[in-house]
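Since the structure comes first, as structure tokens, the remarks are kept for the end.
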Amino acid sequence: MKMWKTLLAAAVLAVATATSAFAARTDLVIGIPLEPPHLDPTAGAAAAIREVTYANVFEGLTRIGPNGEVLPDLAESWTISDDGKVYTFKLHTGVKFHDGADFSADDVKFSLDRARAENSVNAQKQLFAAIDKVDVVDPATVKVTLTHPQGSFLYNMGWGDAVIVSPKSADTNKEKPVGTGPFKFESWAKGSSITLLKSAHYWGAPVFLEKVEFRIVPDAAAAVPALLSGDIQAFPFFDPDSVSQVKDDPRFKVVVGATEGETILSINNKQPPFDKLQVRQAISYALDRKAIIDGASAGLGLPIGSHMSPANKYYVDLTGRYPHDVAKAKELLKEAGLENGFKATLKLPPPSYARLGGEIIASQLRDVDINLEIIPVEWAQWLDQVFTKKDYDLTIVSHTEPNDIDIYSRKDYYFNYANPAFNKVIADLELTSDEAKRKDLYAQAQKILADDAVVGFLYELPKVGVWDAKLQGLWESAPVPANDLTKVKWSE
Amino acid sequence: MTAYLLKRLAISLATLVLASIVVFAVLEILPGDPARLMLGMNASADQVELLRNQMGLNAPLLLRYLHWAGGLLSLDFGRSYTYSVPVIDLVRERLAVSLPLALIALALSTVIAIPVGLFSASRRGRAGDTISMGAAQLGVAVPNFWFALMLIYVFAVWLRLVPAGGFPGWSAGIWPALKSLLLPAVALALPQAAILARVTRSALIEVLNEDYIRTARAKGLPYRAVLWRHALRNAMIPVLTILGLQFAFLLAGTIIIENVFYLPGLGRLVFQAITQRDLIVVESVVMLLVAAVIAVNLVVDLSYAVVDPRLRSRQ
Amino acid sequence: MSLLEIENLSLTIGDTQILKGMELSVAPGEVMGLVGESGSGKSMTALTVMRLLPYAARASGRVSFDGIDILAATEDQMCALRGDDVGMVFQEPMTALNPVKTIGEQVAEGIRWHTKATRAGAEERARRMLDRVGLPQAKFPLSRYPHELSGGQRQRVVIAIACALKPKLLIADEPTTALDVVLQAQILDLLRDLVAESRMGLLLISHDLAVVTEMADRITILRRGEVMEAGDTARTLSEQLHPYTRQLAQASTHVPARARPHDTSQGKPLLQVEGVTRDYPGRRTSLFKRAVPIRAVDDVSLSMQPGQSVALVGRSGCGKSTLARMILALDKPSSGAIRFRGETTTGKSEAELKPARRDMQVVFQDPYGSFDPRQKVEKLVAEPLHVLDKKPTRAERREMVAHALHEVGLDQRDMDKYPHEFSGGQRQRLSIARAIITRPKLVVADEPVSALDVSIRAQILDLFAELNQKLGIAYLFITHDLTVARAITDQVLVMHDGKIVERGKTNEVLDHPQSEAAKALVAAAPDLHRAIARRMQEQG
Amino acid sequence: MTLHIDIPEETMSGILAKAFRNTAFVTGFVITVLILAMALVSYVWTPYDVTKLVIADKTQGPSLAHWFGTDHFGRDILSMIMVGARNSIAVALVAVGIGMGVGVPLGAFAAARGGLIDEALMRVNDLVFAFPALLSAIMITAIFGPGAVNAIIAIGIFNIPVFARVARAGALAIWPREFILAARAAGKSRTQISIEHVLPNIATLLLVQGTIQFALGILAEAGLSYLGLGAQPPMPSWGRMLFDAQTRMVVAPWMAIFPGMAIVITVLGLNLLGDGIADILDPKSRRQR
């Protein structure tokens, strides 16, 4: 009896302190699922690096906006030569790095040259492949010359990998990132959290938050109680599978946005019997996308029929190409001489979309007598066995890079798919700048992939954000991996 | 005694060396390339090879073992592949969570278990004994991670008394830090306390059947005095053994609990490091844990001698 | 008026009746001997007086001590009595002391508890008490732990604890049973002196009639929880009015009827032991010094003729059991040689030993520990058949077992039973059946009767004698009990500190010992006739 | 380490009569038999097909149709617990088998030989003990990939030193007995003695340890499955069910509660059974009853 009283008293006290803290709040704890290996976006591929630093600590010449548009950033404006090969950037003045160093055109040249150098460890070197040379015109002007025109150059310069760093701090950015952004790095408790503080001398529009903590919560299981108990106020990348736990709670806002993540059932096109078109098509017919989306993604996410996000302007709806049709699938298998079905493996990387989706797909393919052995793998093994060595039958993965339909034309890519007709379309695209023609070429490309049933196209990975209902200004979608906090504030 | 001590030390060292070879060999056959993992899907084979060279992954096996083992001796554990900071720094940060957690859990389980064991042993066969040992049986049977889940939903989500997980760091102040270790410590301690209580009880019952207990009773000491002055100390040896095992278990076996509460402890570090193929971290932490187990065993062995004078004069 | 008065005491533990209408009294300064065989309830009587009975025990009747009704006393009252007015000494000195406390603490503890003395005061009294029981401060400081003392020394500490507060009554439950005869004599002397000094009443519990006769003024003879006879020691034992008393007395001094000793001079010796030494690795005193080995058997030579019965006697720890094991080829000598039937057994492999094993068998002391409880008698008794060259068929084997059982006086149907279905004496018969089934030439018997009650002991000795006559088996009897040696052997070897210090015809050596060791053994050995005679003499 | 073994001297019927008066034994026995029966029944009948996903029925609470509710794929939780019992029992049982099969001969051999061989075997034992078991199990499954078979190996390996230690300690307590000496005097070899006399006398000790390791094996399997390293879908496993449940605790607590209780009850039953056996066969505890 006495114990209960004490407990109650403690509870009241806890609630009281929690409420008083709400007045004029300027701090925020954001949950992120993965810990960044380090904090230098120019030296690693991990999305987690960008989820902490992009637009907050580091800035580039341009930046990507909440809806995937290209916006000026450190470059206040630019001009493009008529042949499309020379870009002249006009830079903001009075910009300082967090360590007090002045920002100038020299830093831009340093950063771009460093990224494309021979020994560069930049994870996206192809972004800079078109650059021929970088010239400093004056401290506030930079001229970039390309070897050939590149439609996506300004977009490329908005990637996290292309941010501008200072020569003084470039080598130490992994541990102590120094950029020009509105927040400066404060501390990193490894395995636990990363703290940023408002930067005193930010050149742009002032931000609202004083202190931001990125708390690392790898398990969806831990995320829910952390959110419910108020320890963490925002999960911009929430596991869709857990949404049901909070969606009816008025304290929280659930925001579903789009990503560039085409979630697909990847097929090893050279591995018999998957080298037979009928088999791949049979698989496509056997898949029930609605059940997969309901079961693996809480009903969130749009079905796709080819490798293109429905939010993309080049998107063509091909979801009707392979309706869920078990009889048809069985017929195709019979044509392929596999009326008794066959066995295969399904290697699943850790994310819940893969693990849950895999169970459902295995159950669906069992209906057409394809028996899948599920082999869960860690990312390291997946990259090694599936991606590099192509030692797999089937796998599920989300390709989150934007506009990446060209991967099907890459030599030795892990799909083991080679179609000269498709390769030609992609090659033509590189050289075509006419919008109408491009649109047509993209449509062709999508159609070829669908017809060939290269992989099982499942759905567009939703970006589910869950945060405190009083929080404003977080991105709804994720055109690039980022947690842009420049406009985030607490409502009273 | 000195000879015994030296012999024990020598055996411990030999075990450590053997363990280091086993650890190194096991991790060699772990599939997955750390360099590829660091660079991601878009990097070329050349880039991966470049990084492998930089990380020293292409050196001959023996050389790498000697380099690593030599480093261990001088407390230089190398640099983490994924974090690119010295492993020793990582370990130090994580120990600041795991060590207090293990100690609190151990203290908690001892404080609960010993009195329950004493109570139960002295009321052998009566209702109090049956009830407390029934509870202990239940405690042994509950998986600690399931218990942890239940605790979170009751105390963190429903009652909101303590955080659901995470660790604010000692810099946030002693109390908030301790508060966030409270639930994990309870989740760890209760099943351990159940085991310890059972061991305490049976050790005491064993001792209470000894002749010298009768001698003490024949001196006119009341039962309670005999229990405290004569029985408890003699029953300490099995209890100490279990305590030693538990400390080792708590330091290393917290992997699951640290995952449930997303505490940045040693257990989670090594779990993550395995999945991320941060081999150097795995190797170092496993060695550290093995060393801790061996050291604890040594300490337990020596504490036997403190408890039992017969062992002080053995070889 | 009596100090302790037990009237019509009955005791049950669970469903088992332990004591029935027990009567006993002890007057101040009197020594009362309580005699009985195992299971007679004598220890339970002592525990009833101390009120230290097991949980499930129920006592009725009347026990009064110094005017206090013990059975009705509260636990607090009992605590005040125990250790202060009543002290108790137990049988097993090795386990009666708390191993983790110093002897000083253990003696002083009761003193402090009852007198509320200061630590220093209690320690001073403890020191004086230990000095009194023969453990002077100079050699045995209070800071010694029990494991640093020998069995006899530990029993002195237990006595010091019991007598520390000069109790009115001292209860000694088989205080010397676990000790060898020489130590037994010393401890009994000590008890006698302590009792006389402070006019304590002493309740001495023992299975050994001779010990009780030497010590007690009056005796009570107990059998299966009932008093058979009680009264003045000398008169009771000399008159032996009650048949059970007579039976006990006769069994204690029983000598099997034996024909004249075999002619031992003829032929080749059966067993020859030549210069055998056995060292055990000793304890290292320092890391840098080599451990000094402990020499258990030191340059022993002996020889036995076929059919001869030889006793190997000595105090505990003198090396006699080690020697026996080496003779049985269960242990290897460090140096020297053993020849059996003229062939060397030392350094041979188990396969090479098979012929020797056939002719050499063993009987152990503990009738309970020497049988695997998981096997039936048939298999156990047949075990030595393993060494036969030709494996007997099952029918043959049963035949042989049946025959062996018959020879030791057991029924052949017993072969389908498990060992726990037999009593201690029957088990020792089984043990002998096992030993003779291969018709061996030599049986080594290691204290074969010392764990048995006197009446059973007499029967087993008869059996040994009979088999010796019938089968011509030679015996090597290992014992510390001179009455056994006298009863059944022709020759005796006296062993001391690993060496054989005296040898000769049994009667000659025991009647006229020459060596110090033999003299001490003979002097200390309790002898019922002698004790009765002395009692009679004292009383005139 | 010294160990005291009291060898009960009783007939089988006496032991059985005693067993059925022992509450712990009876309770443990009944629970264990029920769980085993449940696992066996699941081979021929379960309320629902556990390999059939019915997404439309997902996360339904307990009802008459689904006594323990349904999971996130609409599968019947009662059916999954029944089938999952198979997996838990199989993994733990085989792991105990591995531990006994390798550990007991090793321990008995070490005790019989003594000397350097004993020392060396025990040092290897210490080496295995020095590795935190769960961590090593994680590494083993990381090398060979997760799955029921690898879980068995990982748990089984750590059972070996446990049984080796128990068998050695038990055998060391038996070896100085006089009946062993008698057998040696009868010319039996060490191996013969180990098989004929030592092993039968430490069998009860091993049986008790076996039930303990069985229970621990079920807990360990649950832990590994909870980390996603145990049995893989579509084969249901209790630990995996908890893993799936933990992200749905708010909306579907039954998904966590029932499999958790299944584990608790099974482990409790086995521990009670082991305690009961130890109680019945230990004369020392009997004395007080």
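Residue numbering begins at 1 within each chain, and the chains themselves are lettered A, B, C and D in the order written.
Note that a residue touches a chain if its C-beta (ideal position, glycine included) is under 8 Å from a C-beta of that chain, and two chains touch if they have at least 3 such contacts.
Every value quoted in this text rests on a predicted model; they were computed, and no experiment measured them.
Hopping across touching chains, the smallest step count from chain A to chain C is 2. Ranking every chain by how far its Cα centroid lies from the centroid of chain C, the top place goes to A. Between the chain pairs B-D and B-C, more C-beta pairs are in contact across B-D. Chain geometry summary: the mean Cα position of chain B and that of chain D are 22 Å apart. Distance from the chain B centre to the chain C centre is 50 Å, each centre being the mean of its Cα atoms. Measuring from the averaged C-alpha position of chain C to that of chain D gives a distance of 46 Å. Separation between the centroids of chain A and chain B, computed from CA atoms only, is 38 Å. Within chain B, residues 31, 125, 149, 153, 157, 259-260, 275 each touch two or more of the remaining chains.
Contacts with at least two other chains are made by residues 142, 246, 249-250, 288 of chain D. Residue numbers of chain C whose C-beta contacts span two or more other chains: 55.
Pairwise chain contacts in this structure: A-B, A-D, B-C, B-D, C-D. On the chain B side of its complex with chain C, the touching residues are 2-3, 6, 125, 210-212, 214-223, 225, 229-230, 233-234, 307-310, 313, 315. Residues 7, 10-11, 14-15, 18, 35, 37-38, 44-46, 119, 121, 123-126, 174-175, 189-193, 215-219, 221-222, 225-226, 228-232, 350, 378-381, 383-385, 387-388, 401 of chain A are the ones that touch chain B when the two sit in their complex. If you check the complex, the residues on chain A that touch chain D are 219-221, 224-225, 228, 239, 241-242, 244-246, 291, 294-295, 350, 352, 355-356, 358-360, 362-363, 366, 374-378, 381. On the chain C side of its complex with chain D, the touching residues are 54-56, 328, 330, 350, 353-354, 357, 360-362, 364-366, 369-375, 380, 383-384, 386-387, 418-420, 434. Within the complex formed with chain D, the residues of chain B that make contact are 11, 14-15, 18-19, 22, 26-27, 29-31, 124-125, 137-138, 140-143, 145-146, 149-150, 153, 157, 205-206, 209, 248-249, 251-253, 255-256, 259-260, 267, 270-271, 274-275, 282, 286, 289-290, 293-294, 297.
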